[in-house]
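A short worksheet on the structure shown next.
Naming follows writing order (A, B, C and D), and every chain is counted from residue 1.
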Amino acid sequence: MSRARASNGAARPAPRNRLRGLPLLRFASRFAAVALLGCLGALFAFLLFKGGPVLDRELLFGNTPSLDAILGLRPVWDGIWPALAGTLCLVLLTLCLALFPGIGCGVYLAEYAGPRAKALAGAAVDVLAGVPSIVMGLFGFTVILFLRRSFLPEANTCLFLASACLALLVLPVLIVSTREALEAVPRDLRLCAAALGLSRAARLRHVLLPVAARGIWSGVILALGRSAEDTAVIMLTGVVANAGLPAGLGAKFEALPFAIYYITAQYQSQEELARAFGASLVLLLLAGGLMLLASRLASGYRRRWAGGKA
Amino acid sequence: MNASVEITELDVSFFGRPALRRVSVSFPARGISLILGRSGSGKSTLLRGINRLNEEFEGCASTGRVRVDLGRGLCDIYPESCRGAAGDKPEPAAAGRAQGSGEERGVQALSLAELRRRIGMLFQTPNLFPMSVYRNLALPLTLTGLCTQKEAPDRIRTALEYVGLWKELRGRLDLPAQGLSGGQQQRLCLARLLALEPALLLLDEPTASLDVHASRHIEELLRDIARERAVIMVSHSLSQALRMGGSVWICEQGSIKPACPEKGGAQGFAAEKNLSEELLAKLLE
Amino acid sequence: MKSFFPVLVLALFCASAALAAPSGALAPFAGLEGNLDIAGGTAHIPVMNGAARNIMEANPDIRITVAGGGSGVGVQKVGEGLVHIGNTGRALKDSEIARYGLVSFPFAIDGVAVVVHPQNPVGALGKEQLKKIFAGEISNWKEVGGLDAAISLYIREDGSGTRETFESRALDAGQSAAKSNVVSSNGAMKTAVAQDPNAIGYVGIGHLDDSTKGVILDGMVPSQQNAADGSYTVTRLLYMNTKGQARGLTGAFIDYIYSADGKAIIAKAGYIPMDRP
Amino acid sequence: MPASATAAKESGQADKGPFAAFLAAGIALTGIVLLFAMVIAFALPAFRQQGPGAVLAWSWRPYQGDFGILPMLAGSMLLALSALALAWPLAVLLLCGMLPRGPAAAGRKGAGLRLRRLGADLLPWAIRLMTAVPTVVYGFAALFLLTPLVRRGLGGSGLCLLSAALVLALLILPGMVLVMEAGLAPRLQRLCPGGLALGFSRLELLWHVVFPSARKTLLASALLGFGRAMGDTLLPLMLAGNAPQVPGGLTEGLRTLTAHMALVTANEVGGAAYDSLFAAGALLLGVNTLASVAARRLARCSEPGAPPELRS
């Protein structure tokens, strides 16, 4: 094959023969891909190998009966169920807090803002996007200190505060993806919708947002993953090593990423360390599962919007 | 009086760069009116001035007066502020109201959305929403409140039959519309417009992206449509202009004038362009 | 419904059985309810968790949360009123007591042991050697009778109670070299030393296990026994601190830590229990 | 009815829609302003009480009263730049493997080819999966997988610049690849029919035409990666050794601003060390703000969006 190509090349005078085909680049990119897949493979294999064996009922619930544990009738010890539940609550609450302002602000920037407002608010969002998570945690902590010293002496770090800080952390992801998805809607489609006599609100609701949905969903998924995995924010805003199931917005809570960090830092026996591996695997599955679920929902929504009769 | 659209002193600029300068023109109430011109001469801007679509572009400023007959006589479609801002000519705003006492009444209450619905517009490339054939037709119908979900299938069928798509697409209404061929897509766009029962049709080079066969099909439909209402069409194809008949205008550097008014029609246009009779005959074939 | 009912009955039965028969030390918790938040020194967590577990199993109306953070966080949080008990691995500074009005409850003795990799031939060091090693003056194991390999230093972060104890008791207030690796917990220290054949570091005696080797320091063998009887001198006390006198649930919890049950938990966690002073 | 009624009615209708959007934007912006006000308000005392010289110094020895955080700033920068130097070329190479994928070549068969296609199919999927891998999992696994390797291979403790940079590179990689893909894929697609007809391969088009014309997108992705690398806390905390020094080599430890903040919050209350925490926060905020604003500006400039078409 290569011989044939070479003779072909010799037959025709090829002026830039050296560049044709970019063999070196081709090889390097293939190598990079293999190396990356290899790294990931090693990571997953390692986690599976170490965490797989402990991945059972006991990892989640310790020696508390499963149903009692799930319903919160009895506290769980030596199990990561409370942390898992805490992370789920945290993610849901964060999304509840962040979705409306995030998508709304994205819509505002893309559709309604004047050039001045656009530049100002856009810059503010860019700045927010650069805030490291530990600074966000610090912010939450100072807010509580401030509140306690001023008009709310009972304020304390809690689930709500952590969600609010996380929401602020993922806000720019939502805003930027919404804005960019809307701005990427082809101009022709906008004109066409306008020419058909749809009102501005109807255009946004029935044409622009659905068309932009894919981009918006990818932002939501990113935000989801980010809030499930972030440790630095919650470390300063209310996560604890042991709290049982989350008891309310104002209560302290457990979370999986912190549990992993905490066990790595404090383990006293190899069994405890094995639990951290199990927890890592569970967190990975949770994050992957949430992403999968979200993209399923997204494509389902798309099908329903685009498809069929009525 | 017998005009579908009457434009007076229309100025349109984008970011201060003028696209139309003091355009005054009136198009007949029925039949096809063709606007010819080079790229960049302002044809599309003029067309979009009639359904106020220019406002969807950033940095656009229009002044002047556009009156459209949507079945109840000519009425202004731009708000008064636009007309008043013409500035150097004192005439538009005050004069407009004084004269048009009779005709103007009533239609002012039309919202922008309603105005655009009553004026159908077809673009150069078929602009279908990325959804099924059926939804493409049903969405504007139900959203503009023209009919309920229940009545929609009948109207959609009528519209599809009119453009000759019903037989082809009958069993495939729930397939994505963007999988159709170019000609089918453009006809589907036309059906979508017609389902909304427009009083006036604006066409922006509707056959530019289609092959000869599909173009002819669309042209035939348009000729049929033009029997009952005004159709204003932008084109840069001379042969198409000659085929379609009707009156011809030429757009040049932001202004418009009828092609050889004394003779009128395609022949007049050809005369203006110094085309020989034989060449014209060839093009007409 | 059918399947749910027996479970409910079972759950209620379990709960009532647990409620009905609290053991002696847990009796004071019988009528109590509410939240108890604990934060601070990381070394305390196993003890706090153990106690919390027993108490919450006996009385589900009580909810105890345990957070780490470190001694500094313990002082701050209890001082600001963010938690009820703040743990420290060191005695409170006068300034802290004055600023917040804190009351201390020392409850256990913890030794700090110098650790090396299990395969390191060096098993004993003198204090002077140790000082030089941590100051960076001795940088190769062969200078203290080991293999020819560079020494990797591991220390704890600034403000750690363990580090403070180690530097004041074992290094006689000597300093640690700036190039030392800093880890932020006993667990991280253990992981690091267990993996690095040339490492030297220090952990709480309670954290000693097969993965690392405790070094004999000036003839003192690091063990619970020796720390308890005072023959191993690199030790510290673990404290619980409250803002003002402890009352209610907080008081009951502190009493429980000093009870026989509490002492068993402390011993299990690897520390030497103390009586209430 | 007067003509102005038209305008009035329209604006009334339009006002209803943006109200929700306006409210949302208001909430979001309030949060942002609050954040900055708080962090700066708490950071100011650190700078004011001892003068900026005390904080912006090269020595961190809290027991001797030295509270300089410049070594941490240098550490942060160095680590982020090293991670970027690893990840950015890798991202470009991966993009070269991901973007120019034509339809399967018919007629060509063989196990090698099938394997290669499988790899190419797997890659985009793997990149998306990587965005879901929690930081703490990376750090945790690397502590047991990577650090022993580094120690055995290069000596030292294994907790060093190299380990942290390697894992950090892995962390920022997917984000960068996705940004590049979003910016470059449409350009390549637009070029494809014409370029292929000229006899170029997709890869050649990408390399010779798309990359040079999309420098801004490439730079923007690098800046975003840099910001992410600067801001990450757990990886440097777990893997970089945390020694408050400017590292002299790949195998030496360092401490980043973020890790410094995590360490200090854990142990200090009040006093100069605690104040330096907020100073570090403000410093970090400043650097990241610059990077992020610059990145967005670049990304937006380079968008192939057109000004309003003035075609007739």
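Here, a contact is a pair of C-beta atoms (placed from the backbone, for glycine too) under 8 Å apart; a residue touches a chain by one contact, two chains touch by 3 or more.
Quantities reported herein were computed from a predicted structural model and do not represent experimental measurements.
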item: Co-neighbours of chain D and chain C - touch as defined; value: A
item: Most heavily contacting chain pair (counted by C-beta pairs in contact); value: A-D
item: From chain D, the most remote chain by mean C-alpha position; value: B
item: Central chain of the complex, centres being mean CA coordinates; value: A
item: Rounded Å distance, chain A centre to chain B centre (Cα mean); value: 47
item: Centroid distance [mean C-alpha coordinates] between chain C and chain B, Å; value: 81
item: Chain A and chain D, separation of their C-alpha mean positions in angstrom; value: 14
item: Distance from the mean Cα position of chain C to that of chain A, given in whole angstrom; value: 35
item: Contacts with 2+ other chains: residues of chain A; value: 199-200, 264
item: Shared interface positions of chain B, touching two or more other chains; value: 111-112
item: Of all residues in chain D, the ones touching two or more other chains; value: 13, 143-144, 238, 262, 265
item: In the complex with chain B, residue positions of chain A that touch it; value: 188-200, 202, 206-207, 210-211, 305-310
item: Contacting residues of chain D [partner chain C, same complex]; value: 61-63, 143-144, 147-148, 151, 155-159, 237-238, 241-245, 252-253, 255, 262-270, 273
item: Chain C residues within the chain A interface of the complex; value: 7, 10-11, 14-15, 35, 37, 39, 42, 45-46, 48-49, 52-53, 56-57, 60, 63-68, 80-82, 184-188, 190-191, 206-207, 209, 211, 269-270
item: Touching residues (chain side chain B, partner chain A) in the complex; value: 51, 53, 56, 111-121, 123, 125, 127, 129-132, 134-135, 138-140, 143-144, 149, 152-153, 173-174, 176, 192-193, 196
item: Residues of chain C defined as touching chain D within the complex; value: 68-73, 75-76, 79, 96, 99, 150, 152, 154, 157-160, 175, 178-184, 188, 191-192, 195-196, 198-199
